[in-house]
Amino acid sequence: MKLPLLDQLEEGPWPSFVKDLKEQAKRRPQVGQLLQQLEQSYENRWDYWRGTAINVPGYGGGIIARYSDLGEKFPQVAQFHTIRVIESPGFVYSTEALRQLCDISEDYGAGIMQLHGMTGDILMLGFDNEKMMQASEALMENGWDLGGSGNGMRTIPCCIGPARCEMACYDTLRLTKYLTDKYIGYLHRPEFPYKYKFKLSGCGNDCANSMSRSDMPVIGTWRDDIQVDQEAVARFVEEMEPEWVVRNVTSRCPTRCIHLHGDRIEIDNSNCVRCMHCINVMHLALAPGKDRGVTMLIGGKRTVRSGEMISSVLVPFQKLESDEDYLAFCAIVERIWDFWGEHGNEHERVGEFIDRVGLGTFLDGVGIEPDPQMVANPRSNPYIKFEEYAAPRLEGEPQKGANVLEHEPDRREDYEGS
Amino acid sequence: MDAKKPLAPRDNGAPDYKKYLHPAMERNYGRWKYHRDLRPGVFVHESESGESLYTVRAGSPRMLSAPLLRRVCDIADKYCQGRLRFTSRNNIEFQPEKEEDIQPLMDEISRVLGFPVGGSGHSFHNIIHTQGWLHCNLPGTDAAGIVKALLDMFYEEFTHENFPQRVKVSTSCCTINCGGQTDIAINLQHHHPPVIDHGMVSRCELPKVISICPVLAIRPDRVEGHDTVEVIEEKCMYCGACHAQCPALEIRDGQTDTLSIWVGGKSASTRGGPSFMKLATWGLPNNPPRWPEVGDAVRRILKAYQAGANPYERVGEWIERVGWKNFFAETGFEFTKYHIDSYRWARTTFNTSAHVRL
Amino acid sequence: MATEVERKTDIGPPHYDQFLHPLIKENYGKWQYHETLAPGVLMHHGPAGDIYTVRVSSPRLVSVNFLNAIMDLADKYSDGYFRFTSRNNVEFLLASKDNIEPLKQEVEALGLLVGGTNNAISNVVHTQGWVHCHSAATDASGLVKSVMDELAEYFTSMKLPAKLRVAVACCLNMCGAVHASDIAILGVHRTPPKIDNETLPNLCEIPTTVASCPNNAIRPTSIEGKATVKVDEEKCMYCGNCYTVCPAMPLADPLNDGVSIWVGGKICNARTEPMFTKLAIPYLPNNPPRWPEVTSAVKKIVEIYAANAKPYERVGEWINRIGWPQFFDMAGIEFTKYHLDDFRHAGTTYRRSLHNRY
Amino acid sequence: MAIPVEQLADEMYEIVKESAGVKKLKGGDLTKAMVAKHGDEVSRSDVKAAIRILIDSGRCVYGYFGGSSIELPHTEAAENQ
Amino acid sequence: MADDLKTPLLDELEQGPWPSFVKDIKSMAGKKEMAKDLLRQLEKSYEDKRGYWKHGGLVGVMGYGGGVIGRYSALPEEFPGVSHFHTMRINQTSGWFYTSEALREITKIWEEHGSGLLNVHGSTGDLVLLGTRTEELEPTFRALTEKGWDLGGSGSDLRTPSCCVGPARCENACFDTLAVNYNLTHQYQDELHRPMFNYKYKIKISGCPNDCTAAIARSDMGIIGIWKDDIQVDSKAMADYVDSGMDVQGLVVENCPTGCIQLDGKEIRIDNSNCVKCMHCINVLPKALSPGKERGAAITLGAKAPIVEGALFGSVIIPFMKIEEPFEEVHDLIERIWEFWDEHGTSRERIGEFIERVSLAAFLEGIGEKPLPQMIKAPRDNPYVFYEEYFAEEGEGE
């Protein structure tokens, strides 16, 4: 096996996927052919994969099919599909579970995995049509499930949350499991205008990158005051010097609502925007408030078609503790899916849909009251379509004469009939 | 293995994470008080119960063979009660039981896996990346290879925390740009409209191909008696949306595709809100297997960032403060007309003030 | 039309040099600093001596009688030299400090106010309204008079946190400075144009009229064989552009026309970049001659601004600091869907961060 | 060879006459029409001079409904006699 | 007051501390039927809540296409005095300086030929003479030109340029705003009086970024003073401010948009490479700080009010240009802009909308300017770049 270009990637301190795959090629010959095809890509700067739809019966997603254009030359990778497996919330595993996945991956496929894919799934690479089915069966038998793809709800990734983070303002792992299980049908049987991604982060640090990469980010926040341990503040100020604290904590506050008075921190919580910076830097002394919940946002997406969008605020605060809270949360989600599902165009992400119909119309459609938290600022253009006055005109009077000046009332009747 | 019964949807849903939580995590779920960094890649979380949980973060290349993964499991069994966790940037997190285990664990990670420990705090974080030539059907460049080349170059920066703030990097192998908003992004850039294989177009649904184009540049056409499409070259902006819909519209071109570098993206609402990344430089050759030009460009950005940023400033926040004029001056990248936005909301990027650095 | 005098054209304005006070000519370009001695009284210090400015309100719409009175005072106290400001104030340019007080007394005897400097509400920039405009939804001079009667104390004092610029425009054309003022009062039409099918064919070119609509809401039609146009009410946003090109499509509707209030605009580059005004109150009744709803709304905004902003904070800067939710809360204004932008670049106004306040 | 300015004025007058009541022509429209007809033989300044002849002689007047135009003199609808 | 003039609603506006325009118009009502009928018609507007004016589209003075706004009453029989009520725009003097002698000439002419009512000044800057009849336009024009005054712009032409008080009475002026305003007005008399553009073109000139003429918001072309080198500091005056007990840290340092100022005892230190010339510190500490010595202007293009495509601020096209007699560099730039806009703009398209349509990059190429990072807030964030150059396959020629 000659791989002069790829061999160069075995050098260097960073772990080398080439080295790893070469080892694996000794056990699984298809991995050798995978490397040979990749070497050819490196030579020609050209890709040799074709994608198409292939599904497990009853499912509309979860399999990424790949056929090689060089199937004759490299028959072992002629079919080289990927299975998306729903990950464990928070990406936590036992070695026992992971070993099971390794076994299935090697028993049926190339024994290559990616932990994790962009959407959060576990990716298992290198199955042919037949083995793909068998592997799926083995996964499901052992309690694993396939992830989403296509125009459905996608697998939901979340941050580590309360499992190992003091900043988590709600149980991200629980919500991930709850939503995945509740809406598993929407995940497996795509019926939306386009994909719908949740990403869940426990606080504004947004470790799940939800703002720009999900249609519906759910981000932990709090309503009351930041918790301050003044003794810890004093220790921190003594250790770091007051000037350092002013330069790197208080003066970094986006709304300048935090002040250092001697060795005490004072916060004007009415102006705090939950940006997390002071808590991040002084996490020994500061912590999110106690009245915690989530902000639901909407509309983030990546570039394709209409350009980048970062999500915008939809529900500024929603409690997420009791079962009722969870149901209220889901009611909002379902109203969005109904409205977008009915009026969205094919291949139109929910953010693009909102841009097309207007946020005001969207709020009407999903039954949420406008709130100034939703905007960076109110409109600056004066072109407002006042409905209070348009409505009676449209419903009551005959439309054709409504905006015509009257000269002679009798003549107007003439063309009312035409 | 014979299928025992016909394959049917099971709707198993997500695995039960509770089974996989480290015992210390389970005991202290939602009761964490604070955390401390012990050294790059190693930190401890303190619980209200007084219990401590140590974490050792190791960089992985995302792509792992089953045997390698089993070796990962062996280590977790030995030190971490058989539990482990992954991060969204493809690091593996080991949770040793005792502080004394940290060093032997790190030694073993290095010896057995060859993985570095780091990628936390104010370091060069692991690069999230796409599939590239290894497994994607649309890419114009590789992903894993660029990542390997870059992280070799910035290995020191991964294992140390010497930047003013964390540096997150992503790569994307086509303009679909799967990589997300990061401090520095390396993306593929096409330079001309798609080339149409009229013989193959018939396999695609023409109305869908036409409607996918964001700038209405695709029109129905007839060639030699067959229904096909044509592309209006002046309107096309080489986004490749049609290529994903219909492979007969080939957007890729090994000769002309180049790489571009984008800076200043951020997802967190920390301090200033999230921001998009902006074009820094373009036209870098797609040069496997080591892409040295890309590495140089990233190095230039990081050098300027390291020298100019205040503590806690992300790349985008630093540029916001010193201004784009200084960014271009300090990196030496040329500012061209291609840096000026021409797409939706382009006007909102123009400088509508007399705030000018001269 | 035969006259002996040759008809002159294209002579341009007279040279400004002849209108400059001799002291100003000597100090031209050599000024060192200035001070505000009292509200409406400035001292500019130059090497050839100090010049004193007394700034006096005017209602902008004035008669020659008003000007004659001003000029008599100028002859008496400022050697016949004076100037106007872009906000329609009169400025007397005095060489002698001793003339300030007598001039102020005479000015006040005329019923005019001295002030409008520094942290004051300066004179209101406004349009013609019912006095002279064909497309007005409300009057301008009367609104200004009513509002400034309420706010006169802020003209004659300097007790605001920073300068405050008010502007009035009488329709959505937003003539004048309303789109970038601290507080703007804007006449609004809220119904589509009424089409005068009798005169339209004689007055207007149909294609020009159709093309004038930014939303493509106007379509050609014919009534009894006569070409005219019709308006798609759903699309019309009452901007009045069609009326500008076709007088047979008046928008005025006494029942529905009204007044809206906008806040937070800024032109000066000091500290923050220039900002557009944003919608505060979408509709208030059109209630001449005193517009009590408008004056009390404006006064309320001025008062909460005066009480809460920090020194040097303009209205827009203050709101940006405290956030729009708090502004609506403090001002007691209901936030409605009309506040959500749905025009060009609307998406850029959605709040795309976690920066919430509760 | 340059076209005499008077000739341009006459040609433009015909164009203004033809489009009366159909489309209001702007100075730029007339310039573009003359350039389309004569190519390099006319310059922008020639057209300007020709328009000035039309206006100063009273054969055409400036209108200003929705931006300025060059029209035949007529009584305007809004005028109160 | 005449008995036949009953204006109960307008009379309300004679009350209150602010000067009353109603009182002023009434003072003309005895002399002028026009003023009297103006009040009557206005009273009716106040009753009915609607205006009664018709827009004229044709009246003007011979040979000019701008400077007169035609206005007719919609109720000429009821209010014959304002049956015609045209406006004349008079080109104001640079910086709005007058002597009473010169202004008396105008008021005299206007009392003779018009209503005797004026706006000093209109939004564009002109001295606005309000209300006269068609037949009075030409005699008024002759009388005005006889005294050296000329009409301003209106319609699709160069609008009357206006400027701030500049070096005549301001220590912050970075160039001679009055001189360049006067020069441009005279240089482009033809463009001002004979509309040949796609739409209006407004020039406003401010001596520093305080922008007292609102150039950034209200002019198609803004010329705004700026400097290139360091802010000048008078350390003695600085120390005086600190000694006076002024909160320099809170009022000045913390308001700097880029945080480039630091107070060190009584000394102020400025990182001038990060200064964006916002003027705040100079405004607050006028005795201690002043603009640098290497002065000129930044040129912005494209501001407009919302009609039709939404409001735009001007954006920076030339970050720095020396503004010096005989202003040839300014002329050259203006003419390059006009030529490109003339050629490719569409009817009723302002320059800002034009730039947005063709893209800033194409516009810069069209007028022959190089892209600079000072022109933008940030480079593009979308990857849809229309690259013009790419590598061709070898052997296929260029």
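By written order: A, B, C, D and E. Residues from 1 in each chain.
Keep this in mind: a contact is a pair of C-beta atoms (placed from the backbone, for glycine too) under 8 Å apart; a residue touches a chain by one contact, two chains touch by 3 or more.
Here the structure is a predicted model, which is why all the values come from computation and not from measurement.
Contact with chain A and chain D alike is made by C, E. Interface comparison, C-E versus B-E: the higher count of C-beta contacts falls to C-E.
Note: centroid distance chain A to chain B, computed from Cα atoms, is 14 Å. Averaging C-alpha coordinates per chain places the centre of chain B 50 Å away from that of chain C.
Chain centres here are Cα means. That of chain A falls 46 Å from that of chain C.
Contact with two or more other chains is made by residues 204, 206, 211, 219, 254, 256, 273-275, 303, 307-308, 310, 380-383 of chain A. Shown for chain C are the residues in touch with two or more other chains, namely 172, 174, 179, 212, 239, 244, 247, 265, 269, 274, 276, 343-345, 347-348, 352-355.
Annotation for chain B: residues touching 2 or more other chains are 175, 177, 239, 269, 272-274, 276, 343-344, 347-348, 352-355. A complete list of chain pairs in contact reads A-B, A-C, A-E, B-C, B-E, C-D, C-E, D-E.
Those residues of chain D whose C-beta lies close enough to touch chain E in the complex are 26-29, 31, 44, 48, 51-52, 55-56, 58, 61-68, 71, 74, 76, 78-80. Taken together, the chain E residues at the contact with chain A in this complex read 254, 259, 306, 310-311, 381-384. Residues of chain A that touch chain E in their complex: 251, 256, 303, 307-308, 380-383. Across the complex, chain A is touched by residues 172, 174, 179, 186, 188, 190-198, 223-224, 230-231, 233-234, 237-239, 250, 256, 260, 262, 264-265, 276-280, 282-283, 321-328, 335-344, 346-358 of chain C.
On the chain B side of its complex with chain C, the touching residues are 269, 272-274, 345, 347-348, 352-355.
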